[in-house]
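Have a look at the structure that comes next, please.
Residue numbering begins at 1 within each chain, and the chains themselves are lettered A, B, C and D in the order written.
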Amino acid sequence: MIKHTFTPTQYFSTLGERPPVLTVADGDTIVTKTLDAAGFDENRNRLATGGNPMTGPFYVEGAEPGDVLAVRLDRLRPNRRYGWTGTQLAPNVMDPADVLLLTPMASFAESRGEWDVDSEAGTAVLTSPKNKLGRLPIPIRPMVGCFGVAPGGGQAISTATSSTNGGNMDYKGFVEGVTVFFPVAVPGALFFLGDGHAVQGCGEICGTGIEISFDVEFTLSVVKGKTIQWPRAETATHILAAGNARPLDQALQHATSEMARWLQEDYALSVTEAHTLMGQCVEYEIANVFDPAYTVVCKMDKALLARVLSL
Amino acid sequence: MIKHTFTPTQYFSTLGERPPVLTVADGDTIVTKTLDAAGFDENRNRLATGGNPMTGPFYVEGAEPGDVLAVRLDRLRPNRRYGWTGTQLAPNVMDPADVLLLTPMASFAESRGEWDVDSEAGTAVLTSPKNKLGRLPIPIRPMVGCFGVAPGGGQAISTATSSTNGGNMDYKGFVEGVTVFFPVAVPGALFFLGDGHAVQGCGEICGTGIEISFDVEFTLSVVKGKTIQWPRAETATHILAAGNARPLDQALQHATSEMARWLQEDYALSVTEAHTLMGQCVEYEIANVFDPAYTVVCKMDKALLARVLSL
Amino acid sequence: MIKHTFTPTQYFSTLGERPPVLTVADGDTIVTKTLDAAGFDENRNRLATGGNPMTGPFYVEGAEPGDVLAVRLDRLRPNRRYGWTGTQLAPNVMDPADVLLLTPMASFAESRGEWDVDSEAGTAVLTSPKNKLGRLPIPIRPMVGCFGVAPGGGQAISTATSSTNGGNMDYKGFVEGVTVFFPVAVPGALFFLGDGHAVQGCGEICGTGIEISFDVEFTLSVVKGKTIQWPRAETATHILAAGNARPLDQALQHATSEMARWLQEDYALSVTEAHTLMGQCVEYEIANVFDPAYTVVCKMDKALLARVLSL
Amino acid sequence: MIKHTFTPTQYFSTLGERPPVLTVADGDTIVTKTLDAAGFDENRNRLATGGNPMTGPFYVEGAEPGDVLAVRLDRLRPNRRYGWTGTQLAPNVMDPADVLLLTPMASFAESRGEWDVDSEAGTAVLTSPKNKLGRLPIPIRPMVGCFGVAPGGGQAISTATSSTNGGNMDYKGFVEGVTVFFPVAVPGALFFLGDGHAVQGCGEICGTGIEISFDVEFTLSVVKGKTIQWPRAETATHILAAGNARPLDQALQHATSEMARWLQEDYALSVTEAHTLMGQCVEYEIANVFDPAYTVVCKMDKALLARVLSL
């Protein structure tokens, strides 16, 4: 396996069939950088203008439609100290009548929160606006907001949103060490990533995590002859499926159906066994409730499933 | 403070202004029993026919509309070994097209899962239908599915559903040791509870937890001069607000708005501070996505909030 | 058949099992009055304080659970000239981001629209606030916003909302001449009505129609041995089913399923025939998108169905 | 103004920035053909494989981002007698529990409805499957299901769905004589159309109209210096705005907000006047409740608005 060091020179705000910036072999690792959601790099120079500009796409040899691309997130590290956020709850996550009580913001820029991110200490502190949160270091947990593969059928999907191919899922659990699985829709899979967050709450309810540029390292592997319908992942403790849609009800339906299929395919459970087990043991996370497609994650505990495999 | 031992002789399947079965003082504790969701007691005798029959209502002296009733769940213990569940995912939590692929169930009774609940061992094992789950003890975590106070305006709300007054929230986090706060809408608050589950996954996606009868003990206290709009609670680690509505988006809006109010009222945060902090630190749980009103829980970490109070 | 003239002396803001104010025979007609949504009568005296206070309940001899109550709306006439409305779109019907741009209203009372309703001319004109609409007579079409029967299971459902038993459906098509069918859940059916509107747009998107008191006349008949799940109705031109739920998607599901059942039961269509015909010929109306339960109406053309019956 | 006759040789299943197949001047008319939703032409030869293959894109000289493209639908005529439909309600428009009762379809192809479309008589008759609907001619009303302009930002949006740029709105009101307005996002606007239906019910609830190939004629005009956010249209009797999103609630929010803006911009109404008038006079149609984005249409009566303009 080769470790490629790649320096991006262009960025895309859609996931689609673009000419690849690098071709790698199945199992190779890539070391590269990502811009923040507004296109700024580690030196706070603006290198791209669209929202969530992506590094990539990376073409993986041997990946064909109907396969799965496994992406192991080996390293996700903020590469500067400056991060920014929204400071007001998104109108769609509040009671509509309460939105009427809010002061209209002159502009998002004016209301932007600015943060000092100390990766060594593992904390972030609000520096602007000046208020008492400036004395409250909060723990960081770097995660990647937007990543995925090219969708099929000639589509080019905005990095504002997400779909079966991944994209802007803004799930706080996509951290270092996690392996994520995407359904391959085009030859080479065409993998993109960007939109790093130093940390983010559930739901991305202020419209952002702490937005920041990253040094990243990840490994791309092809799983042949396996078909999935929605992104899946494996963490130290759980397997999970991500459903991307509006409203939350539908995102949950996609994630739940994907998990039920997974348990039947890979854990030798019948429909009744899979459903019964999920009924008493399933967990959900609300990944984002801000983007055009919301994301719900359906999780099962790996320790429990290890026991299932030994039945 | 007095500890009352109360033996119920009637049960209600609505939360409303019924004559109280017991009047207690502010701060008193009640030791009593609850039936399972289908009305069966510890000896598997059917004592009530409606869904989720409630023990109560208990009248708390001094509770007036506009106050808050604090309910500390001191003890929640299954009092028999037999529990039952659904064994099929509810149609509304699956992709609609996948529902078409399911075998129609002859009846819920026929497809019922039966469980042996061993409270000492802290596990439950499926005994019917016979399948490999019969060899997989799963950990139990007893919780109360339906509890709350009488709503106002002459309403009597079915225990199938929930609203601002609580009710059938089916949240797996309502376990022993938690204190739950309800807005008082009628004199005496009129507290009801029932519908114990030995354990339940997030969302109650098979339509049930492991349904079982309980021995319960709880303490009722009045918080004067405090107004809340939705149920709130405090656990060992978190404060939380529960929003009850359909769809999930609206349940989340209620819970989020309630938490934002709480942080401003009790943690001395401005609107901007509360929103900014929630943006990066909030957590959600999907309590139920099965009942007529879904329930979303919005949580904040108490350790973090302790530091907020010291700013 | 007897025509009863009834003068109400009490009003209810829930639909539930109250002692009847009048018992009538199957097929009898009742002539009575209704208050406006805020409890004011024809002389603008306030006779009730709750929202949507109802006249009734009327007990219909012979009506049993499992039957249907047919309500023919013989006469719906505003009995005063003063009507009132909201003047701002409800926050839940606008883009959430647009709500941020609205001026918060000091209070609903302050922003109330007042109208001069001329029933003879068949028009209404805005008299307050003073603006150019004061020179634009709009046509009226009197309709009843809230009516229905007592639900079962001991429930008492607020007249703010609606359910399988009817209630606050706020459908502009419930006008004079229409016959509405409700599923009977308790002996005598217990029929209530109120909340007259001189006119209302689709969706009740400002939160009100032109709210006004009514002189009403209606005829109550029992249909034995017929079971329906949601309110149905017959107009001069259509049959229709009303689904009441949130979100609109679910209200539409209820209405659509009810219509599919109706076509199979009463028009001798197979599942495939009913579905195929609905696919190309169905019509929907969004009755209300403001109340706690929204209402969607699913309609089929009676002329078309007459031809179906002759196939 | 020139009338161009254009014979398509390629078709696209995304709306995006493709090289134009024809460049026309502002105000020109185009006479061309469209395939049916499955790619079949007037002779039932399959010329394209993707769903909803589009004729176009047409580049309109002078159209720039920020302008509006007006599309007058001059002529929409089925050019063959064979049409096809679904014959089962889509699972997402039925009560989830009712979906469990349906017979799973072996395949859509097997359950396809086939129709004889007689454009001269103005009727369609089901020819397969054989059932009593084969004796029930239903009136046709040809409409275009999918049309719109290229979206911005490098996106290529599937013709399965719709967005601010139009697309697969499946609104039965987009018939001959209607003028539709789209926000221009790229130079030349890049207009596409296809997916003709001989007729369709509200909501496209069986997943199709009567799908058929068309002879079409339309006129493309640029409206400079006018910005709209969602598709708008003008019919003989109404102006209307189309909101495209899931769930229906959000589609309705977009359409309602767009109509409120329109009334303020072009009819000299204040916020309060626009909202008050909409409250009592607005109409909605559920265009489609099947595609990935649903479509709700918000309408106002032109006769009423003519009187508004004269106030």
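Annotations
Note that a residue touches a chain if its C-beta (ideal position, glycine included) is under 8 Å from a C-beta of that chain, and two chains touch if they have at least 3 such contacts.
Being a predicted model, the structure only gives us computed values, none of them experimental.
In summary, the chains found to touch both subunit B and subunit C are A, D. With centres computed as the average of Cα coordinates, no chain lies farther from subunit C than A.
The mean-CA centres of subunit C and subunit D are about 32 angstrom from one another, to the nearest whole unit. Taking each chain's centre as the mean of its C-alpha atoms, subunit B lies 46 Å from subunit D.
Contact with two or more other chains is made by residues 92, 94, 96, 102, 247, 249 of subunit D. Taken as a graph of touching chains, this assembly is complete, with every chain in contact with every other.
Residue ranges on subunit A touching subunit C, taken from their complex, read 90-92, 94, 96-97, 99-102, 104-105, 247. Within the complex, the subunit C residues that touch subunit B are 12-14, 16, 50, 153-158, 245-247, 249-250.
Looking at the complex, you find that subunit C touches subunit D at residues 85-89, 92-96, 98, 102-103, 111, 113, 124, 126, 129, 131-133, 135-136, 138, 199-210, 247-249, 252-254, 256-257, 260, 269-273, 275-286, 289, 296, 304, 307-308, 311.
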